[in-house]
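Both complexes below contain chain A, partnered by chain B and then by chain C.
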Partner chain A sequence: MQETGRITGQQMAFILYCVVSSTGTLILPSLTGALAKRDLWISPIWGALVGLIALLLAFGLNRLYPGENIIQQAPRILGFYLGKFIGFFYLISLIILAGSNTYQYTEFIKTVFLPRTPEMVIMGSIIFVCGLAARGGVELLGRSAQFVTPIFILIFTILIILSIQAWDANNFFPVMEHGVLPSVRGGITQSLWFSELFLISFLFPFIIKGEKKMRWSLLSLFGVLLTLLLVNMSILAVFGIESHIYIFAFFKVTRYISYANFFEHLDAFSLATWILVIYVKIAFLIYITSLATAQWLHLSNYRPIVWPICLLAGGFGMWTAPTIFKLMTYLRSTGSCQFIVFLVIIPALLLLIAFFRKRMEVRAR
Partner chain B sequence: MIKTVSHGLFFMARKAINRFFSMFSRVKEKVIGVDKRIVVISMRKRSFRDRRKRLKQERIREQAEKKLEQRVGEVSVAEELEVNINYITKTLGDSGDLITRCFTVQATPDRKAAVMYIDGMADVRIVDQFVLSPAMTGIEILRTKGNLMELLQESFIQSGEVKVTSKMKQLIEALLYGDTLFFLDGENKGIIVGTKGWDQRGVDEPKTAAVIRGPREGFTENLRTNSALIRRRLQDPDLRLKSLTVGERTKTHLSLLYIEGVTDQAVVQEMEKRIDQISIDGVLESGYIEEMIQDNMWSPFPLIQNTERPDAVVAHLLEGKVALLVDGTPHVLIAPAVFAQFYYSPEDYYERYLVSSFLRFLRLGSLVIALLLPALYIAFVSFHSEMIPVKMAIAMAAGRAGVPFPSIVEGLVMEISVEVLREASTRLPGPIGPTIGIVGALVIGEAAVSAQLVSPLMVIVVGLTTISSYANPNYNAAISLRLLRFPLMIAAATLGLYGVMLLLLLIILHLVKLRSFGVPYMAPIAPLRWSDLKDSLVRVPWPFMKKRPKIFRPQDEKRQQGGDDSI
Partner chain C sequence: MTLFVRRSIIILLIISILFLPGCWDREELNTLAIITAIGIDILPNNDVEISVQEIIPQSNIENGGNGTGGKKTLVQSGVGKTIFDAKQDLQEKLGRSLFWGHAEVIIFGKRLAEKGIQEEIDFLSRFPEIRMRAKLYVIDDPKKVLEASPITENYSVRPLDASTRLGTQAMIDLNRTIQMLVGKSGAFFLPWLKISETSQIPYIEGGAVFKQDRLIEQISGREFRALLWINDKLEAAVLSVPLQNKEVGVKIYGSKTKLKPQIKNGKWRMLVEIKGEDDIYLNETGIGKDPEFTKVAGKAVEKEIQKQLIQTVSKLQKKNVDAFGFADAFHQTYPHEWHRVDWKDIFPRLEVVIKPQIKLRRTGMTDEPVGIPTESKKKVKGRHFFCYDLQSITC
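This part shows the complex of A and B:
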């Protein structure tokens, strides 16, 4: 028995929401802004299309091989060796994903709040907490996501509403000055995050039977789209075309809020809530990485390898990039390729092959 | 060929890795807890250490039983009166409060009889008027030649609770519980007459969880008075009362109350099972039981609620929970409990819904203040002073200008001295109580500020924290939050706001993981139950609460007519 806990569809939706929108509101707007400029706010819509495709791929694979995730499905579709090879590729990519997210988080805390604290302390502490959560299993993740996300949504809504005073509507115009292309380019960066919705594949086996999976995951996608849209809009409205010069752009927006000379520096609230959702993301990534590793090696229990995976995630966090700028360059170039391949293209190929295999099996009969 | 070899190698490697890791992983029997449709109650995790403890407990229990066996054992009542009296007197060690009255039954002068009871435990008036007097005089009128024992039992002893037994053990137990024993010469049986009647405190207003609107009655130390207080409010034939005994020496009586057809039977069974596993020499308060049956004994949060109010117990019973009455204490245990109910007051249901909803928000706010305010103060002052609004920052800096300590030292000293004050005023005899308040306010508040040992703002923070922690109607929940304040302050002093958030995350993780008798502790928020949110942060008007809370899995969900179609 690898995991005995079960989650509801709603908890799944909350986890997915956290996974995409936690770091999607951190450095992503700045990445997108550099490419999309004034069409920053259109990009999430293109990204969401990719997200939808990723979701549909996961659903398709789940329909053909229900109750299994991609690590288990791959050997069935491609045969033992090739399947294990693909699985290994997934393990590496997952751990890089976990590492790069940990690194983004660490940089965020370091730059904004604790400039003189060693990175090891920040990284180690969050990884420790996430490791504990990952050992607690999927049930714990689902419930903590359920507990944390409403707080995040509430505070972000308040912050966006409060930031309206600094908005300048002229920043939106002209819409699509240089055609569709800039927004699509930004959309590709956005799709990097949206395609993470494919990780729902790892949650499918744990959802209670009879839950409306499709409805909840679409709601989750919609929620993510809305959040990123609003965040990007507010960034664009406040900073205009220069939005990409700030790494943590939305955080800068919250610093602009000032009412009655007293309600200012609300960034502390945004930080506090960010920590909560980023924790869900990192814990989820560590959890699925250890689960996938255990499944790949056919171990009987994933729990003992959680701490080694945590260590690796911290290591990969250090190795992915020496500075946040290098990380951003990586995400804009190699990273986007790698993750799109890993989260969309390979699943699509797998689905195609699986589809034909099933059809051939039916014919053979 | 290569394929088989590599295949074999792969599986061998897998086996080896598996074995390697299984050394570190304790194989635990974890029962599936499904958030939406929980069928199985999660058992308490029994690790190896627990098993050793259980074995030890069994040994102690065996020894205690052996002791009792040695002393009383299977001894049955003798025919000779003298032997019986001597035996009981010797067993109790010539106890001074054991009263033995020998007399002759008038109807048959040759037959001697004796009455034994313990002074102070039995009601002497009942013994005199309804046991001794009819037996000594009444039989004279009747000159039938019936079986005297049967006659005595059937018509002469004028008491409702009469039992005949030949087992000495049973007789002694009854004697020690305040009953009177009746022996007749020539009969190898004794009669137990229910004459329990010791002095006790009357029904009084409860000292904890005070209300403005609501019943004023509180539980007493007497088990039967308490169960009567509940029955008077709940005249339902389905109310079940199971009697249990715990404590090898104290023989404390417990009553397990629940409503058949409402309460989830699995909870009742689990409760009985856990109580059955207790083996201890004495139980003096329900706290003993609480600690021994709760799901997670290391948690700082209370997993079982206790109350002194019969109306609260009835309300919980109607929600499908189980109440455990313990003899000798006015605190009744209620399980399962969820986190939310620790900031409810029974008054929330008596007062108008708007008022109670507002009060609940207030309590939740004060809970957050009690937990976080000192930590946030320390974090902002020592790490993130740029985040404080400018004017306030200047005022704070001015207040702190002459203070020689870092804010964490200042905070810890103040918080600890307030805790000391609180503890002192709780333990002090009544009349001296106010002195502590004056000394505390003068020394800690006024003098410390004017001596510039602490900043005025810190005094405000500490004062606000203390008051907020008292706004919680449940003392045991409030005190656990007060305890968590200290690690939070230390986290704030080491990593600032980030440290506070990390520790808060750990607390959330812990809370979300907890279960009380199979019910997730953070329900109805995580796992989310829309229909149960009606009675959580807010309390909607009664006409809208047509169903019992689903989180406790009641067998009968309806509580009002017409509750079928609404959520």
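This part shows the complex of A and C:
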């Protein structure tokens, strides 16, 4: 057994919430805004639809092959060689995902707070902490998320409420001026983050038996949708149609808050809470990448490969995008396709094949 | 390793967090130059000059009061081909690193404004330390404002904040400017400053109207107020309203402006609805307790508002600069019609209707004119000249 820890349904929901909302409120609104313009706030709804599909796919696969994740399921569904090949593709994508998120975090900190600190130090410190967390296992992640998420939700609620006095409702109109297409285009970018909900597949084996998984995961999806909706709305309402020119738009909103000339300069709060949830996300990604690699190679323990994976995650972070400019173009173009293929389309195909295989097996009997 | 050693190492690490935050970006207060205001202008040879008002630390004033002449701020400048170069030049001249987080005021010079401020706005929105809440102003020579040292204030730009708190002026911050700049009308406005001769305090004298990013018109204080009013930026206003060849002084507060664009039979029309309340603070007319008076005075106030606002609108219509946000209002209400026309052709001939609805609430501490003998106090009814006046106002 590679992992002995167990988490509750609630902890799972919190982990999923952190995974999507942490970087989903960082750079994503700017990416979405560039495509959706004034319909920026509608896009999360389309994204959530994709997120729902991703969740259902994970549930479907889990019903057919309970207690296993996608890396273990793939060889069973497609046969050893093809399954391992797909598995390898997943390993690569997971590392890229971990890397790009680490890079987003690094760019954010470097641009906004520590411009003179070398990237290696910022990146290295978060990866080191996340590596330690990943070695601690799934239970540590669950408890971290349980601890961190309420703080994040509380601070963000306060920040959004305080920002309301700077909202200009006129910025929302006209709604859907150019039809539904711009918001759907933004929705595709949003779905890049929402589809990460499929990673619940890696958590299924560790959830305590008898927990209401479906309820918790839907609750998590709803929470994420609400968060991104509010964040995007506040960005649009405060900065208007050209809000996407600000890379870290919601951070700009928190900086813009000035309530009764007293609540000002609140950016430090948002930064601190952001670091907490981003830590959960990166730790989770490094954890599942290590676990998946260990399972792919049939190792008895995933812990020894956590540090090499951390190193790779840092390297891939730098390699996928040497500049924030390139990262944004990547996420807007290749990135969206890649992650939707790997988190939605391939699982859908796998589920389809698995479904027919099971039926054929039943018929053969 | 014993447990004790391990524990003490961990405790040491935790304590060190307190002293080692910030990595390479650690800053101590005594290595910072805290900036309160920024002035940006262009020199005759087309170089950009950036000046900053830096706070002199209190202890330095006490120690070397003679050297600084009792001043609490110091103005320093940097020059360069672009604003970014200028900033770097300034930084290198300073012994301390510039701290922009408290720069609440950014002042553009007139010459720069005439040449266009897009480059500067771009820099300001990119630069992470500048706050989007920083307020923008225009003046002939920004250095003068920074160098002014009012005796009553710690630094010269502080009173600007107070004048906007009264509600009779409004500040335009960086965010608002960018939004207006990218808006459909392609025009925006900023307050124009002047320095009081006696107190050295800068105040808002009028306005600067920009088309795209270039200053094209300097407007008076009254016109600037009209501009703010239509843009729903004004909370309070003090007006002197002529009534029966005498003056009535009123203070309007809680003012709300709504733009209601209308397109009927292909004719574009803008209805500007202003709602608010007013108090009478001065009454020269000699009319006291009379229910009719409130009506008459109310009408007169509304008429005066109409007059002032229409004047400004038609002035800018002639120049074809829509600083009122009419374009965005039309775009929001009529997105389909909007795409079929060119706003440049519509705006100069746009019919603008101002519809103020001001309710008289209070008459100050007295309800009758003070200082006029009771016998000679007038009533509205029974006086022919007043009835005549009433008609002239209503029609």
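Everything below uses one rule, namely that the second predicted complex is superposed on the first by the 363 of 365 C-alpha atoms of A that agree within 3 Å, B and C clash if a C-alpha of one lies under 4 Å from a C-alpha of the other, contacts with A are read in each partner's own complex, and residues count from 1 in each chain.
The criterion applied here is as follows: a residue touches a chain if its C-beta (ideal position, glycine included) is under 8 Å from a C-beta of that chain, and two chains touch if they have at least 3 such contacts.
Worth saying up front: this structure is predicted, and the values here are computed from it rather than measured.
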{"item": "Superposed partners chain B and chain C on chain A - clash or fit", "value": "clash"}
{"item": "Which of chain B and chain C A:177 touches, first, second, both or neither", "value": "second"}
{"item": "When both partners are placed on the shared chain, which of chain B and chain C touches more of chain A", "value": "B"}
{"item": "Chain B versus chain C as contact partner of A:256, first or second or both or neither", "value": "second"}
{"item": "First (chain B), second (chain C), both or neither touched by A:208", "value": "first"}
{"item": "Which of chain B and chain C A:121 touches, first, second, both or neither", "value": "both"}
{"item": "Which of chain B and chain C A:303 touches, first, second, both or neither", "value": "first"}
{"item": "Chain B versus chain C as contact partner of A:276, first or second or both or neither", "value": "first"}
{"item": "Partner chain in contact with A:49 - chain B first, chain C second, else both or neither", "value": "neither"}
{"item": "First (chain B), second (chain C), both or neither touched by A:265", "value": "both"}
{"item": "First (chain B), second (chain C), both or neither touched by A:143", "value": "first"}
{"item": "Overlapping segment of chain B (options 188-196, 494-502 or 512-520) - the one that collides with chain C in the superposed model", "value": "494-502"}
{"item": "Footprint overlap on chain A, where chain B in one structure and chain C in the other make contact", "value": "113-114, 117, 121-122, 264-265"}
{"item": "Residue ranges of chain A in contact with chain C within the complex", "value": "111-118, 121-122, 170, 173-174, 177, 238-242, 245-246, 252, 255-256, 258, 264-265"}
{"item": "In the complex with chain B, residue positions of chain A that touch it", "value": "4-8, 10-11, 80, 109, 113-114, 117, 121-122, 125-126, 129, 132-133, 136, 139-140, 142-144, 146-148, 208, 261-265, 267-268, 271-272, 275-276, 279, 297-301, 303-305"}
{"item": "Contact set on chain B toward chain A in their complex", "value": "7, 14, 17-18, 21-22, 24-25, 30-37, 380, 383-384, 386-392, 495-498, 501-502, 505-506, 508-509, 512-513, 520, 522, 525-528"}
{"item": "Residues of chain C defined as touching chain A within the complex", "value": "22-25, 101, 125, 128, 131-133, 175, 178-179, 182-183, 328-329, 331-333, 335"}
